[in-house]
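For reference, the structures are reproduced in the following blocks.
Same chain, two partners: subunit A is paired with subunit B first, then with subunit C.
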Partner chain A sequence: MQNFRDALMAVVTAGNPQANHASSQRAGPRTAAPQSGFAPWKNPSLSPIVRFEGITKRFDDFVAVNDVTLDIYEKEFFALLGPSGCGKSTLLRMLAGFERPTQGKTIVAGQDITDLPPYQRPVNMMFQSYALFPHMTVEGNIGFGLRQEGMPKNKIAERVDEAMSMLELRQFAKRKPNQLSGGQQQRVALARAIAKKPRIVLLDEPLGALDKKLRQQAQFELMRIQETTGTTFIIVTHDQEEAMTVASRIAVMEKGVLVQVATPGDIYENPKTRYIAGFIGDVNIFEGTVAAIGDGCIEINAKDGYQFKTRSSEPVTVGQQVWLALRPEKIRIAHEQPASAINAIPGKVEDIGYLGSISHYHVRTAPGERITALRANAAHTVERPISWEDSVWLDWPVDAGVVLTG
Partner chain B sequence: MSAKANGLGRWYVIAAPYLWLLIFFLIPFFIVFKLSLSDVATAIPPYTPTFSWSEGIGKFISQLDFENYTFIFGDPLYVNAYLSSLKIALISTFLTLLVAYPMAYGMARAPKSWQPTLMMLVILPFWTSFLIRIYAWIAILKPEGFLSIFLIKLGIISEPLQIMNTTTAVYIGIVYSYLPFMILPLYASLEKINPSLLEAAQDLGSRPWRAFWQVTFPLSLPGVFAGCLLVFIPAVGEFVIPDLLGGSDTLMIGKTLWNEFFNNRDWPLASAVAVLLLLVLIIPIVIFQRQQEKVREAGR
Partner chain C sequence: MNRRFSWFNATSITLGFAFLYIPILLLVIFSFNESKLVTVWAGWSTKWYGSLLENQALKDAAWVTIRVGLMSATVATVLGTLAAVTLVRMGRFPGRTLFSGMIFAPLVMPDVITGLSLLLVFVALGFDRGFWTISLAHITFTMCYAAVVVQARLQDFDKSIEEAAMDLGATPVSTFFQVTLPIIAPSVISAWLLSFTLSLDDLVIASFTTGPGATTLPMKIYSQVRLGVTPEINAISTILIGIVTVGVLSAAFITKRQSDRMERERRKAFGAAG
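The block that comes next holds the complex of A and B.
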């Protein structure tokens, strides 16, 4: 298990947050739909566990959340992703019941809960600050929710013990929160949120206070807990790698509006806008106009004189302004001029970012554009075949890029 | 060289409060203690023995005894005065807590921009002399005072209230006078509580009232302890309020002490009463210290 985790982590740290590993990992152990992978949002016969219907939240003149309609399905690990102030936390707090929407309805499992107070909702939240009760022990904190239900004492002890063993907290049972490390506190907060076995667990930037290494461990822990409990998790995060790692689907928010809701793979490979393309992973963007349309491909006259050919399903017209988004790992970098002249640009290596497993090459083209290409350091050698100031050629196949219209 | 100078500087800083305590607390205390072991005399000063170099320290000490203490324990007047003081102080501390808690809670929950103003309003009464404020209560509480007139006008009562010169008036006076000493520590501890703790409690199914008793109140206990002590300790020895507002049946040790000093001119007995009062008050102070230690250990 440990090796498996390390291997997974190596992929993440490689700076290539290709969501494949997350989603394929995800698809395996699911019992819901083992053949087709886990994709309840594609199944029209399923009704969502959470439905936001036209949710708007205004604070005075500031619109924090603007007309959000969103379905989240049972057993999903759903991520709300966006920069701070984009409204993602407000949306989560409205689901928890701490904020009331100015407009719209929140429906959980078919029941309209818009007007229910927090203590009557079938959701439990893990807070960004953990919000552990400082005057209670770890046990006391985890059992707090169960005590509110008036559950018999031995039953509470059983459930608390179950949650503690799931998160390896048994030896800390009698400690107070301030006697725990940050990582341990984070696990107590998670244990407390799952102890009541709620239908939905909300996580508000749950790993924000942890350092990078610990955060990655905690991400896999979250996924493990989510899978073993079969609970719906909704996580709010501004960390795109975190969202890519844990989520079955991601909703990207910008200024209170949902920009795109899709699987991590889709978001990465087919971002809807330049904003999303830039927010998730590295990207090279060329501005240009459509020159010709034919047989599933379009030709683009880039602003700085290049001509690109790329596959596109986007409905465009000749002369329309478009942007071509290219992920660095899809660009080939070589000394020799490629055989085909399609999508090939010469340039000079300006900078190399050596990350061990991969290297980033920043190439300056003749018109002055800076393009990043990525290459795995496959050979076991310290010398790199491509060095600073080398003249190189960049090229990519027609299906490597994404055409964006906004 | 400079390390040595630093060490000396630190020593001075540490010495300052101890010197202060020595000069203004310990030495006066020993003078009072010595007085309490003396006997009353018709002289100036009104006690004996007085120390003189010619007779030597041995003779001086041999004349001191614990007679006054045995007298105090033998006379139910003093024992009753102590017990009654403790009772009045306990009840009024509890009443002050009941009045102060909602006020402090309201302050802590008020918008941040209001809080300095509210704090100002709490300490505003200190700008007027304590005595004048107590006299003002006489004007309010006396049978022909504002309170009775007001309530009669409203038709709530038909006869004037007989509160003045009763223990009830003493309670009102103590609660009123010591309210800020209760509010301020309570506010300080309530204001520190992270609001997301209450959200967490509600999120886990706790109704607001239960969340208060399970989270807010336990976390405000350090403030409750501090406030109760700040009210209880001076209230036990309170003299002005029972003297001005209380009646002849209001028995408090502060008043007894005053009578011994100024009416009976029995300084040694009055000193013994004062020393015993101090001993009685040390108990809650020690409890408080223990509590503080616990809070410190908990790191909050």
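The block that comes next holds the complex of A and C.
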């Protein structure tokens, strides 16, 4: 009996290698190991569920999306991030079928859907305004997509109930959208988008209308729904924290162009350009030229006279203009001069931003540069706290910074 | 708001309303006159309303008017709604400006010209003039009003609601019937009421496009008045005023209630967001 079951399992696994692979990789809770297990984009044998091929969208002379090529894999929670007007929403709307690309192809699960109308696409969207049908009840809204398929009534009721219980909407089933709060409307919109069990759910700034506390709850709810349904989610947002929280990978867009596609950790630790470094989190940037290239490290002559030594994987040449990007939390701040003279600068504390768990220190250096350092307020009382107008030393190890060339 | 009472304001308002409504009021009052002479008051009576019921010619005219009104209001509302949807939803297409201009031009066209040009068309096409030609003519001119009413509602309609329906698998036609139409229904109803009212009190266009056997109530009243005003005319006119008032008021009421509700929802949404 046991042997038979094993044999059956083997057959099932062989018949459906992708599904099995993905689910086993995603088994552990994400919070424990942020990006370690799940990385289908690194697996060359997997084919993407969504592929944008050289997508360009022009509105008259305005280029909203410029030659975007992008692969998104099954079960990913993918974020398109950028300021308003960067083309992220247009890209999403092209996937939903509301806009037609001027050039390029959209491929979903191996099928070219560039010319398909919205109502024939295997994707469902959650709108920024929620776009609930005001004349239908919560039930009616959630069941709308299923009714279009001609599903039998009892089956629809079952699926609607499933979606409602997943989003704790059962007690509102008979209400109309205008009898619901903003947070409840948002959950109805999400329930409606997942009710048809589409392969891909698109979310266009889904939490933009909620206040901060509700938004954080809703982010975790989105992640929970995405994991329990095993659906591919693609979210458009201008909120970098939101993207970092929910996404398995982030695509940063600027003026219609994809600037970087990477995991949240990669984007934060290894931003490709100064724009990304500044857009995601706080950053100190030093401009300079490459003075020397050593074993894995380079020396930089900064514009204001300092000399920095830093590790760099970026291919650079001596004399090239580069920027050193340093996250505030990677800079150590102390009263005493550090033992090693590498990457140490003196300065004066100009401002302190006390945020409870952490403090930001804004330090003015002798040449007039302003550097932000960040320190966790770990101890309950500190013998000699850093205060305004104190002379301090800032220093960081060689692997703290990132060398940027653009 | 300036709530100060001034004699000047009070006088001008009184004069203005008196100018507008005294003739109508007189007509209504004299419809209850006992005397056969229109200008001489001889006490209250409703006998002229009773004698209306025996006047076969007036009853026929009323029946024609109602049939023309129902027919033209219905067709005009359908066509006007389609035109409004096209104008608001289809985005920019070649000739959009021309099309929208042409939809609204008949609003300001003198009735005489509309009537005359329609008459020429009917004669050229060899149509037998009568009920159908009046209906066609009324459809033509009331359709513009219907289009304007529906278009105003469609313009502040969240387009993503329709996109959501299509995203969930509804074709454009089924989106229109399942989502768009139920939401704009109040404005479609007020468009119908407005069209019906306009058709009911049209004299000029009907006179141009009518033929033997199809006399509408306004035409009948006008021709009788030329032979002298009888209290019967006053009575039928009072009924007409009543119908028109109810029509216009309910159209206004429906529109008002709808815009109030939208405003409430908007405020609520804003409150929830902020």
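Just so we're on the same page, the second predicted complex is superposed on the first by the 368 of 406 C-alpha atoms of A that agree within 3 Å, B and C clash if a C-alpha of one lies under 4 Å from a C-alpha of the other, contacts with A are read in each partner's own complex, and residues count from 1 in each chain.
The definition used in the following text is that contacts are C-beta pairs under 8 Å (C-beta built on N, C-alpha and C of every residue); 3 or more make two chains touch, one makes a residue touch a chain.
Quick caveat, the model's predicted, so the values are computed rather than measured.
In the three-chain model built by superposing on subunit A, subunit B clashes with subunit C. Of the two partner chains placed by the overlay, subunit B and subunit C both lie in contact with A:P117. Using the contact criterion defined above for the overlaid structures, shared-chain residue A:E149 touches subunit B and also reaches subunit C.
By the document's definition of touching, of the two partners only subunit B reaches A:K176; subunit C does not.
In the superposition on chain A, contact of A:A209 is made with subunit C only, not with subunit B. In the superposition on chain A, A:Q185 contacts subunit C only, with no contact to subunit B.
Of the two partner chains, subunit B and subunit C are each touched by A:F127. Subunit A residues in contact with subunit B (one complex) as well as with subunit C (other complex) are 96-98, 117-119, 121, 123-125, 127, 129, 131-135, 144-145, 148-149, 178, 192, 196. Within the complex formed with subunit A, the subunit C residues making contact are 158, 160-161, 163-171, 174, 178-179, 182-183, 264-265, 268-269, 272-273. Against subunit A, the residues of subunit B that register as touching in their complex are 194, 196-197, 199-207, 210, 214-215, 218-219, 298-300. Chain contact summary for the complex, subunit A toward subunit C: residues 96-98, 117-119, 121, 123-125, 127-129, 131-135, 144-145, 148-149, 178, 181-183, 185, 192, 196, 209-210.
Residues 96-98, 117-121, 123-125, 127, 129, 131-135, 144-145, 148-149, 176, 178, 192, 196 of subunit A are the ones touching subunit B in the complex.
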